[in-house]
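The following blocks contain the structures, represented as structure tokens.
Same chain, two partners: subunit A is paired with subunit B first, then with subunit C.
Right after this comes the complex of A and B.
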């Protein structure tokens, strides 16, 4: 990511969600990432990790920094259309947000954050209702 | 009055084009509150304050 794009991303994040403390890590390495807290509507706090390798030209991988489990107790560590997840990396649950066909370099980290935060809220709802995530979150066409 | 997560979930479902559910229907918007970091759904045209409408991010769907 160019310094100009990084500054732009930081400006957008600061403007759109000033209360959320985003921490950019290892930005001078080949494996940069950003950590962003999410508080769901029921008050539970998670941390989102977005890997920035290749961003913005490549779709960034996004994770919850733990291995989540479904209501039935199954680890969310694999690709699941019903739960909108992809195979785990770092030992974390990987969120399926944008598809590669819908990704463009114009998509901001803020948008990825919003989709991940919404995903987490629907995950909480899944834990409550038992309904799969794709009951709430539609699939990209 | 703030909506519960169940109601928001049904609104998100409807905004994504998935049935009619029991939410408030297609005349609602999903709003991200930058102060609380929470999502809200409000009737279209009724947004006030500094909340950002993010309905489009829902309606475009998720991968897989």
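Right after this comes the complex of A and C.
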């Protein structure tokens, strides 16, 4: 990511969520990433990790920084259309937040973050009702 | 053989050397060289090159003997064969090779030009060879794939090339058309070697993007913008029912500006094989192996040919721009950023008019050009304020379902 783009992303995050601490890590390495906190509607706090390798020309991989389980106790470590997940990396649940053919370099990290926050809220609805997350989230771009 | 080979031998201190004779059995055709060459011939035998004033009894055990002599300042060869009478023809000199293109193309100009081609699939392979035929002198080729069975129907590679690197196969095809062409090969994924990609873009006169993934298109696009280079992006859409070509010229709209355009946005790129579609995410990871096959919908080679041809014409025109030539007039015709082609009246072209009596209505097998507005806030090419997609539509759709007030939160590291 260019320094200009990084500044732009930080500006958007600062404007939209001035009180939230987002931590950019390993930015001078080939595996940079950002950590961002999410509080869901029921008050639970998670951390979202977005890998920035190749960003913004490449669709970034996004994770919840733990391995989540479905209501039935299955580990969410693999690709699932019903649960909007992709195969795990770093031992974390990977969120399917974008279709690769609809990704463009115009998409901000903040938008990816909102989609992940939305995903986490739907995940909690799933835990409550047992319904697949697909029920709440259409496969939108 | 070439005269250069003969001269090299004749002017050497050797009395004789052993070269190679490549022969198609039963066809009475033999290609003779002083050195071993990369070949796709039938059989290969040793051949003795002799200076004519040497002992005529030498070389009796060879199937072919080449007697090299100098008369009136010119070095020539006579070939003796045990199997048939040989009439000698020489590989043309560089300046003779494309003399037939003279008058239409400025051959001397093209010989100096360097074309970078990223992706040597059904598009890149044909474009490379066409440009070599036109007399382009330098190429840099990028593709990390090997030739597989499913490629053959649309690729220039043949059964004999199965398993080989596409870069090697296409180098051979280029050199088959122009033995003097200079070819640099990179069997790598440009998305993982951005520095190298930037160096090669800097050296190129035009960049042809013929890959199957958006990541490489965006990476090339941003590099073209920064380095102020011309680039062409081409693709076929599902089942090659049609396709399009985008041309980037410095200062104009970039590939990222094109996304969101009504014509472009309507269609998804063609999925031509499962492995690469999985790699670039066209087929999602949760789609099973059996279902994935249904995504693969390739069109006919004849359907992608017109799109390749347009890319070749645009490339030749751009490479010859500013030089008076037979194709200069195209500069007044090919003025658009975006070109669209339909092969059949189906899916997105279903409502198009039939070719007979279409009049001014859009119909198949004609090119349509469009000017693409430059996005003043584009993140790749704008020199003004960049406005990113901040998720406004998502927030208006789902905003009431989530609480975005994360005040005071910090991350657990």
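We adopt the following convention: the second predicted complex is superposed on the first by the 139 of 141 C-alpha atoms of A that agree within 3 Å, B and C clash if a C-alpha of one lies under 4 Å from a C-alpha of the other, contacts with A are read in each partner's own complex, and residues count from 1 in each chain.
To be clear about the criterion, a residue touches a chain if its C-beta (ideal position, glycine included) is under 8 Å from a C-beta of that chain, and two chains touch if they have at least 3 such contacts.
Predicted, not measured: the structure shown is a model, and the values here were computed from it.
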Name the contact category of A:86: first (subunit B only), second (subunit C only), both, or neither. both
Who does A:23 touch here: subunit B (first), subunit C (second), both, or neither? second
Look at A:96 in the shared chain and tell me whether it touches subunit B only, subunit C only, both, or neither; answer first, second, both or neither. both
Considering only touches as defined above, state whether A:6 meets subunit B (first), subunit C (second), both or neither. neither
Please indicate which partner A:47 is in contact with in the superposed arrangement: first for subunit B, second for subunit C, both, or neither. second
Give one of first, second, both or neither to describe whether A:65 is in contact with subunit B, with subunit C, with both, or with none. second
After superposition on the shared chain, which partner residues are touched by A:115: those of subunit B (first), subunit C (second), both, or neither? both
First (subunit B), second (subunit C), both or neither touched by A:128: first
Touching subunit B and also subunit C: which subunit A residues? 16-17, 19-20, 38-41, 79-81, 85-86, 96, 99-100, 111, 114-115, 117-118, 121, 140
As the complex stands, subunit C meets subunit A at residues 191, 213-215, 218-219, 222, 256, 259-260, 268-269, 280-282, 284-287, 378-380, 386, 388-391, 394-395, 397-398, 401-404, 406-413
Under the definition above, what is the set of subunit A residues touching subunit B in their complex? 16-20, 38-42, 79-81, 84-86, 96-100, 102, 111, 114-115, 117-119, 121-122, 124-125, 128-129, 134-141
Of all residues in subunit B, which touch subunit A in the complex? 5-6, 8-9, 12-13, 16-18, 30, 32, 34-39, 52, 54, 57-64
In the complex, subunit A residues that touch subunit C: 5, 8-9, 12, 16-17, 19-23, 35-41, 45, 47, 54, 56-59, 65, 79-81, 85-87, 96, 99-101, 103-108, 110-111, 114-115, 117-118, 121, 140
